[in-house]
């Protein structure tokens, strides 16, 4: 359990932050530019001493203004990937990577090679850091924090300067890191995709305060968090089990309840649980199952609720055993005479899942 | 007063082997080096000289400098050391003296003059200044001031002086034509190229320009020191000194 | 070709300057860090005091050294009895005099370069497990190498030229404390010493130019290195 | 016409860049991290002097190693928004903004207020730049370049540190800027969305060389540019005309050829041209038109080509008058027995267009 | 209370030091920029030469000034004929001597701070239409204000303590060129001058401390300002 409660004033900006995060898994910290996310990270890492409050990670109290406790940053064992890479300009990439590892006695040679391979740092190892491109530098910074054997990892928009390909390379490692090592992670980002992909828990900040905090499904479902609901990538998470693979077609079958879904081939073995993200925008509705169509996933269900949105769209919640959300035009909703309780079919293209962030493992800490 | 000795008896001639350190006014350095060479040639030991301003050396002696002999360019500092008992009793002697002269640059248009009450230095200076050593602190300056006071022109000339850091500096100012005239020691005037001596100040006009030598009470090598001190007063040394322009002490002080 | 006496003065000057620089380096770095990275009451006062050797004429510094660290001075007696070190009239004393006179220069240069280092790098080091001192040694210190060099060169050059404090504190003993500037002084004090003085000036200048140009070259290499050249 | 041809070596990395860009409109410069994009920008701006080559913007030769020409950066009139904001730390935001305006005599008070309003800089104007958050700083940097009255604007990932909301605020202004002022713009980004939204022209870089350069439709359609085709947001652009609006439904109708598409309400007046982006992943195929379904856009057409992809998907090009691409699973393709010439229906949800970057104006320079 | 002679020396020292600092500031900034931002043949040599005043004992500098800027020196003749300026035996000459002795200190400090300024900011300024010189004045210069201050303070302090070059070049004329260190020198030359010397040292130190502490305070304010405080 990570317990954060502090207030702090810097210049004209004041923060009053209160949140409890689980002691494992990934917590996304989401908010607009200038909301105070980086400041929160600095406070947790011990780089900013807040005006007052208490910060505890598990049993360890890192800061408590009432009791005069303020653990030094180097003794907090918090890996911190900064918004700017902050590489040491007098060391080459290898020495930067080893900096934390050497001090924390963590990460053996195996770990080093693994991180280097994963982040594609091999060709950079003997380079000086100054002329690395923005993306290269950030990859090194991520590697450096990963290798410092932290008990909590804070990442402040670590991928914002990476291209899609590198992002896709790095993300799985971040996932594994959180799940396999049990190291809790606070992941600051502007990207809901990254949040969805990585986070179990979500905290949303605005104007120096936490306006929502909780398990990701709960927070994402809250109608009072504008920053999440205005997004076109709103959607729901389905808990499924891998039912089998069709190797020749590059497809896998997932089961949930009575239903089978065909999705692009996943690596997860048969029988393993898989969380699947379905974007509301990808779901069509039909009163009859389609004939001779390329759409392979047809899920019968009934309308649970209809949520009109301001822009001529409605979000329809379909109960198929688990809730799926469909975003369609109001005109379609009218044409189909949708109403609560109506039986219908939710249609989802398999290709809609061909996004690497559509799948999530079930981590221990999952809700 | 017996000379305190820690080893050996009073030395009659050069003593070989032991090296001594002599604190000497910087202006006597060249002459002393020559004397030391002669001393060595006569079988004496090595002599090293620490050359600095008399004032600096005197203070160092006061703070326990490991010197054997002290050669002062004026009496004031020697008196002071004597007063506080830092000199070996009876070891102080008048070594040689110097003389003040009025100098101008080599190519001056001024004629040689007799330095007496009729001397019109102001006219000779024109709109230039008179280079002297610092007239309150530096011995050569003090003597020059005394001389001008004796001539009754100090009051008027004071504002026209260019007080230099020492005699060498005063000589430099003249040589570089910064000033038309300067008052310096004869030893400097005779050996500095580019200067012409216009007149000589009689020694009655000021305190004697006396150079004193004394052995220090705490001399690390008293025997060798005594030997060299004796050699300094030998005829060999006197010849060398006069070659460098230093005059022998008045008869009253001669051995 | 330099005469034996000149060579002696040259080597002595070098020895004095090198020891003066090396000896003042650790305290300069420590105090520079203190002044650059911490705030405490008396900060400005300490800073002011440390600049005094610049303001007070060297002769006065030499005199104060004579009084405090001379053979009869309290500090001198202490050093003599406790460590068996004699500063009065030894080349070590000359090194101390030079070091004190040059100290503000070294301090300023190092302090300025510490202030130029991005503190966020030290922060990053600390999150990686480095203590404040360790972060300073492994991150800040390498980054200020050019500044430290600058400070060392300034201080070396100043030491080579030091005259007033040295002659006042340790006299001008050939082979022991008569460095180049002191030999130069001795030469200027005797009539006809000008050629000798000129030779000594040339030797001083040559030595200094070698040191300065060499250090510039070295500094460029280090700067290059510290800022990430290949 | 912007004519860029140079070679340059820095450290172990060497560039050999050759490209011709139109003298108006926006050219996207796309490429992986470390491809050399920022270096190209520096060379064009005159901050790096290449080993050899020639760079001309319109009539003005900015650099020509053969003739010994190298115009100073300040005389090139190139506005440059850097990857890092590079704000002047000793000036407040207002003075930063005015820096270029004052020197270039451009941008009157009206322009100033307009830019400030657009970028939401009003509350920051009197702030010092040091403690601006990453996003705030970058907005100021964009404003500063906009106000310097440039003849060519180079933006090096200007939005990568902005959140979605700010991005959406800023993007339209960038569009207008390029179109209304006729200032050509080189826009470096990792985001294909931003490219699609802004760029008329596209240059793709890899390993220090330009591997593709031309009008955006052409380049995006090229099968030999992996960096574009591996993306899940691959798609095509349709040239349409606004046929009418249905205000009560928040829908607009677009025509192209015989077809009508219903899309979320657009601001463009009836009769105006509109380029519409359709992602391959959003298109389903059916051999019969669907009945009683929420899908409103059903476009009859015939299969023009089938392009298998490595991942069990196929991209199907449908000729509906203009080409639409559909990405479906191979199994679906087999089930439907797709073959060239087959008549079928392409189905697209209206909601699929509810993305702000689905629409592009026709700018003069459009192809 | 200082005696009238002491007050005279104090005010003169102040005047000389202030003019020495102000006069050397523009060339120091220009040359610091040259050394920090450009590379040319003879770069290291120029840098070396500019450090010589540090290495060469001040008396030698005074001597060289006398040779070049004295009445019969080529520079002195030029200044006299063209501008009607006489440096010999004037406080202006003392200011020149101080300025030259202190120049390397000012130069180093400014150069070091120029090198610490991120060139990418100058690049940004240039893309915004600022010429190289304009970018320097509007971006670099404000950012190096703390370094310039540091240089001015160093050079001011060094000027206050300057003795050898001054007395050699312009003598020790009361009210015209006898600054505090020169008055101090006179006091130390006679037995029993210690109380007088002590008074003068105290005056020098007090003056310097005021300047140093004040400048530190000012520098902190400026640094704060330059680095973006409110």
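Per-chain numbering from 1; labels A, B, C, D and E assigned in written order.
Going forward, a residue touches a chain if its C-beta (ideal position, glycine included) is under 8 Å from a C-beta of that chain, and two chains touch if they have at least 3 such contacts.
What you see is a predicted model, and the numbers here were worked out from it, not measured in a lab.
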Handout entry: Labels of chains that are neighbours to subunit C and to subunit E
Key = B
Handout entry: Most distant chain from subunit C, judged by the mean position of its C-alpha atoms
Key = D
Problem - Maximum centroid distance from subunit A, chain identifier (CA atoms) - result: B
Problem - Pair of chains whose C-beta contact count is the highest in the structure - result: A-D
Problem - Centre-of-Cα separation between subunit C and subunit B, whole angstrom - result: 35
Practice task
Using mean C-alpha positions as chain centres, tell me how far subunit B is from subunit D in Å, no decimals.
Solution key: 91
Exercise for the section: Take the average of all CA coordinates in subunit A, do the same for subunit C, and state the distance between these two points in whole angstrom. Expected result: 57
Practice task
For subunit A, jot down the residues that touch at least 2 other chains.
Solution key: 11, 84, 131
Exercise for the section: For subunit E, write out the residues touching at least two other chains, lowest number first. Expected result: 185, 188, 230
Fill in the blank from the handout: Among subunit B residues, those touching two or more other chains are none
Handout entry: Chain-chain contacts as defined at top
Key = A-C, A-D, B-C, B-E, C-E, D-E
Completion exercise
Given the complex, residues on subunit E that touch subunit B span 63, 66-67, 70-73, 88-89, 167-168, 171-174, 178, 185-193
Fill in the blank from the handout: Counting only contacts in the complex, subunit B reaches subunit C at residues 21, 23, 26-27, 29-30, 48-52, 56-57, 59-60, 63-67, 166, 168, 171, 187-188, 190-193
Fill in the blank from the handout: Interface with subunit E, subunit C side, in the complex: residues 43-45, 47-49, 51-52, 54-60, 63, 104-105, 108-109, 112-113, 115-116, 146-147, 150, 153-154, 157-158, 160-161, 163-164, 181, 184-185, 188, 201, 204-205, 207-209, 212-213, 216-217, 223
Problem - Touching residues on subunit D, where the partner in the complex is subunit A - result: 10-12, 31-34, 38, 83-84, 127, 131-136, 139, 157, 160-166, 190, 227, 230-232, 246, 249-251, 262, 264-265, 280-282, 284-288, 290-296, 311-313, 326-333, 335-336, 347, 349-352, 354-355
Problem - subunit B residues touching subunit E - in the complex, by the definition given at the top - result: 53, 55, 58, 76-77, 79-80, 129, 131, 134, 136-138, 161-165, 169, 172-173, 176-178
